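One structure follows; several queries about it will come next.
Just so it is clear, A, B, C, D and E label the chains in written order, and each chain counts residues from 1 on its own.
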Amino acid sequence: MKIVYVLLGLFIIINYGLLQAGVLRRITARVGKRIGVPFYQPYIDLIKNYAIRSQFSHGVMFYLGPVFRLSGGVGIFLFMPLIFGNEIFSNYSMAGDLILIMYFMFIGMLGMALGAGEGGHPYSIIGITRGLSQFTTVEVPFTLAVISIAIQYQTLSITEIVAAQQGGIMHWTLMTNPLATGAAMLSFLGMMMYAPFNVVNAPQENPLGPPTEFHGTFLGMLQTNRVILGVMEAILFMNLFFGGATNWGILFIKAFLIYFYPVFVGAVFPRYRIDQSIRWFLYLPTALGILAIIFI
Amino acid sequence: MVGPIYIIAISLGTAFSLGFFKKANRNISFGLMFFAMAFVTFISGQWLYAFLSHQQETIQIFTAGFKPPFSISLQMGFHEAVFLTMINVLGLLSAIYLFDHLKEKGANMMMVFMLLFMGLNVVVMTRDIFNLFVFLEISSITLVGLIILEKKQDAISSGFKYLIASGIISQILLIGIIAAYYYGGSLFINDMVDSNLLFVKGGSVAVFLILIAVVLELKPFPANGWALDVYQSATPGIGAIVSGAVATTSLFILYKLLPIGGDAWLLPIGITGVISFLGSNFLGINQKNANRILGYSSIGQVGLLMIIMSLSKDLGDKFEFVFFSILISHYLAKAGLFWISGIINKDEIGQWNIIKNKPGLIVLTGVFMLTLLGLPPFPSFYGKWELIMNLAHSGNFTWIAIILLGSFFEAIYLLRWFGKTLMNNENSEELIVKFHKIFPAVISSFLILMFSFLTARWSGLMSVKYFIPFAIALLLFALDFLPVFIKNIMAIATVSWYSYVLIYQTYIPENDILRIIFGFIFLIGAILLLFPGFTFKGKRRGFYPLVILMFSGLAGLIEARTTFQFFFAWEMMTLASYLLIIRGKNAKKTSFSYILFSMAGAFMMFIGFGLAYFETGSISLNALADVLIYANWVYILVAVGFLVKIASLGVHIWLPDSYTEADDDVTPMISSILVKSGVFGLIILMLSMSLKNAASSNIPYILGWIGALSALIGNMLAIYQEDVKKLVAYSSIGIMGYILFGLSMMSHLGWLTAISYSIVHFLYKALLFLAVAGIIYRTKTRNIYEMGGLIKRMPLSFISVLIGIITLAGMPPLVGFAGKWMFYNAVILKGWYFQGAIVFFSGIVAFLYCFKLIHNIFLGPIKDNHRKLKETSVWWLIPQFVLIIGIMIISVYPKIILEPIGLYLSMYFPGEGLVWAGTTASTSLGYWDATQIMMVFAGMFGVIFIILFLMSRKVQVVEQFNIVFQAERPERPETTHYAHNMYAPYNKALGFLAAPFITNSWEFIYESFHAIGDQIRKFYTGNGQTYALHIVMYVVAFYLFINGGF
Amino acid sequence: MVKNAFIFLILIGVAMILVNLFAGFTGNVDLGQIANHYVANGPAEVGSANIVTAVVVTYRGFDTLGEVTILFLSAAIVGFFLKIENTDNTERNLKYTSEILNTASQVLVPIMILFGVYVFINGHLSPGGGFQGGAIIASGLVLMFIAQPKKEIGHKLINIIESISGVGFVLMGLAGVLFAGGFLDNNVIGLGKFGTLFSAGAIPIIYIFVGLKVGSELTGIALSLKENQNEA
Amino acid sequence: MLNIILAIFLGILIIVLAIMAVLNKNIVVAIIAAGAVSLFASVLYLILAAPDVAMTEAAIGSGLSTIIFFYVLNKINRQNG
Amino acid sequence: MMEKLNIQNIGLTVGILVILVGLWGLLTQKNLIKIVIGFALFDTGTHILMVSIGYIKYRTAPILDEAVDIRNAAKLVVDPIPQALVLTAIVIGLGITALMLSYVLKMYQNKKSLEINNYKDLKW
């Protein structure tokens, strides 16, 4: 029975994510004085990709890469409680806490990187290098923030963290622990890999990049994952810092706003080089994180 | 029984009658001489036997039929018998060794040779001081004569220096004697001791002159340039005599005459010894000439023995044991080394690698050098232990520090030298070893082994069962001619038997969780890691005895119940691992730094144990808990030894290269098993000390920071490595830092993390190194940029590495995550947020090199020369898959290890453990259900995989892009790997963290030592006159010092 | 110069030590216990009128053995040392010495040798003994070498005398162990009448050995150095 | 008293000769001076009631050792020329 | 002052001075033969010292001939022991001097130099 609810939740999240992606793409286009794609464009892309029959593979790991990637995304979904107080949509969050989710992010990255690696394309390794490098430093402020809120709430269970934030906006971590929230939100920019931290994606923008390697069904899986992952990360931040959600409506709104924030920032700032972004994360966000721990 | 007077009569008679044989066949002369010397040896041995076997009384031999003091008397007591036997045995061996020299030079030199030993014999026995002077002159004249056995210009001029110096010394002695006669009225030593010479004005000066002359005979630093030149220039056979017999005799003179000076002279003698010991060992570091090094070392050892003599009061009834065990080690080993030096016949130690292809000689050299260093199981080890412990008991920590410092200096040059003997040898000069040259050295090494056993038994510290590993190692050594396959089976059988006895029969019934765990890691691990040995062809000479010694050392650590046993096992394991590492082709330099750091750490530990003994008076490990006053010191000192082993930041620089350069199947042993000895040591230490001791509570805090920084720096360095073994090696530093951090948290969860992580680390590090080694075995390269695309060729290895790095990186669902999760909880509960954050950051950094490892080896385009590669040998794969199974079991059901450990720990850390509900573990902070996660993951992965499989039915496998050789030929091989230097941006941003400033600062220290030593030794100008001046200055300075003139 | 000044300072230190050594020196008034024993009982125990001889040969005879050994060793080493490398040097460039010296030596040498023998045979009665006698003999022989460079005394002869006397000395010592109180006890044969030539037990015999031995050794040393000198 | 004066005289002579032996540039003179030191020392021994020592010193110290010195010197000079 | 002026003290003083002069020669002279001469002087000085120590005022040599009454000898003769020791020491000294000289000779044969500063091949 659980599985049915979980799948239901997954279905909702995927659809929501696709829509959100479409809407955001349109918004950014408008900001850039372009017309942009229709909001349902992600659906079209997805379906098209899954429909392509011709497949090329470079080997087992190449084949399994997208599986790993999607498993990572879905895994985060599976272990994340979605709606507070709702037994149905708490998924498998009883199997592990916040730490599990933090570490589950690695699985997808690893699988993807391995798959791309077996493709043997130089751009893929460049992208992987950049992604991994940046990711290590992005995690620093986030980890500090997590420690800070763990100290604050004396728990690592997401459900309990959300529970502690109930009772109005003044109980949100945003208010009770603004430093941690600040640090985490800065690192969120890096996690979402929008500008200025999207040099990671640069190889993909190249016509010869990994998207050409991973195509068809593979690409479809990757896209699915990206949709899920984006939303889930937003939900994670929502749960940790913005009081969680007691129903789907609030969840949609909050997730959209949180998701919109890196997009907005990305629309404003130019790209950093990778070594610049590494340093950047280790300065201001990390400092905030440290302060968050000191002043908790 | 043959009276001792016949020693003299026979020697002199033979020597005088050799004059009849001057023109006769030299073999006859030699035979006569040898027979006489053998008989003399027999006489002394017979007396020794009499003293040992039954209550033989000390006897006096009166010459001329009058009682002393009216005539000269000789004394034969136990001590005399011991020394005489030593001297005469050396004489016999030297005679064999110098056979060709003596034969070439004829009867004259044989007389001289023989009379040298006669002189030494009388010097030992005589109780008349003027007689002592006369026979001392005999021995120095004979020695000068023997120096010219080899006609070298250097030898002649050094003989002249020696003559001048010994002439001055004997004149000083003579003046002292005549004045002592005037003031004391007797030349009989016993009378002189009883008389009140010291209290007569002038009489004390007479005593001073006599004793200073004796001290000068011991060639004290710095008034010893003449002696060093002799050591250097004389043929090494003479060096053996000088350091073995003459120095021994001189020590006996000091022992005999010291009572004249009374207690007031003990301290000055001790200080002289200290200056000699430290000074000459320090200068020895700079030497390159083999015989001169041996000379420095001899002088240093004599200094040590002088120190011991001056501390005889503090050592009490252990004095004899300490003195004798160190003396005999020095005597046998130094002579042996001189003999080997003669065989090799190369001045520079850099050229000693000529023995590279002579395993026998290497073993002998090793035995002698390690004996000098006082490593187990050689006699000096027990001597040093008793020395340090008894000094500690009476609180003489200054002396302890001095002794250990000097020993460390000595270790530096001896070990460097040992390393050089194993250097690769390009020139194929064949070394001819004559039987009569090698024979004495062989005998000497046998004697060392015999005394190892005897001193061990005599010390009462060792029960017979500790010799079982040695017996097995010796057996394997004797069976060294067998092929690897059989020896490997034997080794596995031995370790299996050992682990059966220890773990199954002992620990499991006792339910001693800690020992079960580490027994498992050490021994079961050993069995697994011995499997790849089957892939080796040929004999692998010397490998298996060392392996057995190393593992039995590790087992000994677990077994140890006293600090002695612990230290013994520790040193043995260190030694064996050092020798294993040094077997690697280019491992000489790095094994040197390994052993230096280890020795320094061991010495610290030694002092720590001494301090504990000082306070508690017990050498039981449990007694560490009773240390209160010096708890912090003990804690720090002992911990340093362990920190070296786990390569914590600051003392880590030995590790990467050692791991890298060791043999491919040795590396996993060291990296996954041996380092755990440090962890085990820390656990034992902390369990015994910190928990019950509030005073030491801030040390874990420091250790915690060290651990965190080690984790960071180790991982940071790992990501830039292009050598695959080095990469894994650096990661070990990181992981060990992680474990150290866990332990130093001093909480239930921290320890649970650390201990379980020790197990996990063992599993995946062994797995990774085995996989890597298996790959190296096929690809014949360690450079990561020369690999690539191997996934299709070696899929099984790929799986191993994949599992290994997933575990290492701590990704769910594998068991690595358990560590991370518990860690978070522990850190937050403990409140060590920043250290924890650093450790986390480094954990993420670990992800970088994990990926590099798997990607650059297995993915991407394959190299042309690897296209035909096969999967690695099954012997590499068997242990890998056993380990994988282990990892999987623990991953699915971590409760099986975590729960018992938790129970065990709750004895020490009540509360704050994991609470188990079914398969869910929880703390007050969070929860985690490994089994469920695994199931969810597996299900999800399977579903997604099936979806993909269904949707992409016709997959066409294509080759990768080959972008490498598109147009130009690369100039450097590394540029042919498309992912070379993949973390360049990271280096650009955070490279400063990986700057080798620690290595540089250690090197700076080492270089400074050299520079200082180089300046100091300039005062040995080589001018005989200057040396004479040194002697006179030494006398004056000593006089001023004694009389408070300074 | 600075170095010499420094050495001077050091020597002042040595002087200070030596002066301190004799700071308590008052000059003897009486013999010490041991010396007293020697003088008082020496005639009875050893039978030698020359107490120094008694001490040298009997009471401290062991020292003398060592001393002879030292000379023996020096002779051996010097001989060995300087013999090398000029074995094939047959061409000898001899120079002729003056007539007077030549004649004088012919007269003097036998007298000196005789005197030497006298000195060591009478060692127990009058000043002198084996060393002095041996040295005198050696001097005589050396004088002969100077005067008559052609005259040869073979090393071989010297060696044999040296060996025989050395072995004899040791055997006398052993005889003491076997037949009397200990090594080198001169009581192996009767002490004889005090003050006569045939008295003092084995002392004259030992002194003959010592004299021969010292004489041959010293000659040997001189010979080694002399032989060497003729080489171009 | 006469003995004392003689002893002082000998002593001064010995010391002067010793200094000469050490400082004189000419080695032949130095050797002779050293031999003379021994010779006068043996006279001093006679005054000190040590005829045995006096004989020995005269025969060995001033006699044989001087000769040996000269032998060596001679040999060295020949090699030089 | 005058009572200190006896033969014994003169002997001691001369001995010490000769020792010092000998040492000076040993330590400062650069010529190998002169060094050996210095050593020989050092030796002689020691012997003078030793003989002086055994001396007793107004006594005769320890030879019990007609001049000395045997029964009262202990009151009449000087100490024989230092003399015996000196005898030994003189001979030993000769042996060592001879050895040194032969070394000097050999060194000279090899390098044609009597300068001690030229024999510093071994050092440090």
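The rule is short, and it goes like this: a contact is a pair of C-beta atoms (placed from the backbone, for glycine too) under 8 Å apart; a residue touches a chain by one contact, two chains touch by 3 or more.
Since this is a predicted model, take the numbers as computed values, not measurements.
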- Touching chain B and also chain C, the following chains: E
- Nearest-to-centre chain - CA centroid comparison: B
- Note on the structure: So the chain most remote from chain C by C-alpha centre is A
- Which chain's centre, taken as the mean of its Cα atoms, is farthest from the centre of chain D? A
- Message: Contact counts by the stated rule: is the higher one at D-E or C-D?
- Response: D-E
- Message: How many angstrom lie between the centres of chain C and chain D, each centre taken as the mean Cα position?
- Response: 18
- Rounded to the nearest Å, the gap between Cα centres of chain A and chain E is 100
- Query: In whole angstrom, how far does the Cα centroid of chain A sit from the Cα centroid of chain B?
  - Reply: 54
- Between the Cα centroids of chain B and chain D the separation in whole angstrom comes to 59
- Would you give the residues of chain D that are in contact with at least 2 other chains, written as numbers and ranges? 50-52, 56, 60, 64, 68, 72, 75
- Tell me, which residues of chain B touch at least two other chains? 130, 134, 137, 141, 144-145, 148, 175, 179, 182, 187, 1029, 1032
- Note on the structure: Expected list for chain A, residues touching two or more other chains, is none
- Pairwise touch list, complete, is A-B, B-C, B-E, C-D, C-E, D-E
- Message: Looking at the complex, which residues from chain D come into contact with chain E?
- Response: 3-4, 7-8, 10-11, 14-15, 18-19, 21-23, 27, 30-31, 34, 37-38, 41, 44-45, 47-53, 56-57, 60-61, 64-65, 68-69, 72-73, 75-76, 79-80
- In their complex, what parts of chain B are in touch with chain A? 789, 791-792, 795, 798, 802, 806, 809-812, 817, 820-821, 824-825, 827-828, 833-834, 836-837, 840-841, 844-845, 847-848, 851, 854-855, 858-861, 920, 924-929, 932-933, 936-937, 940-941, 944-945, 948, 951-963, 978-979, 982-986, 988-990
- Which positions of chain E touch chain D when the two form their complex? 5-8, 10-11, 13-14, 17-18, 21-22, 24-25, 29, 31, 33-34, 36-38, 40-41, 44-45, 47-48, 51-52, 54-55, 59-63, 77-78, 83, 86-87, 90-91, 93-94, 97-98, 101-102, 104-105, 108-109, 112, 114
- Query: Which part of chain D faces chain C closely enough to touch in the complex?
  - Reply: 50-52, 54-56, 59-60, 63-64, 67-68, 71-72, 74-75, 78
- Query: What part of chain B is in contact with chain E in the complex they form?
  - Reply: 130, 134, 137, 141, 144-145, 148, 153-154, 156-160, 163-164, 167-168, 171, 174-175, 177-179, 181-182, 187, 225, 228-229, 232-233, 286-287, 1017-1018, 1020-1025, 1028-1029, 1032
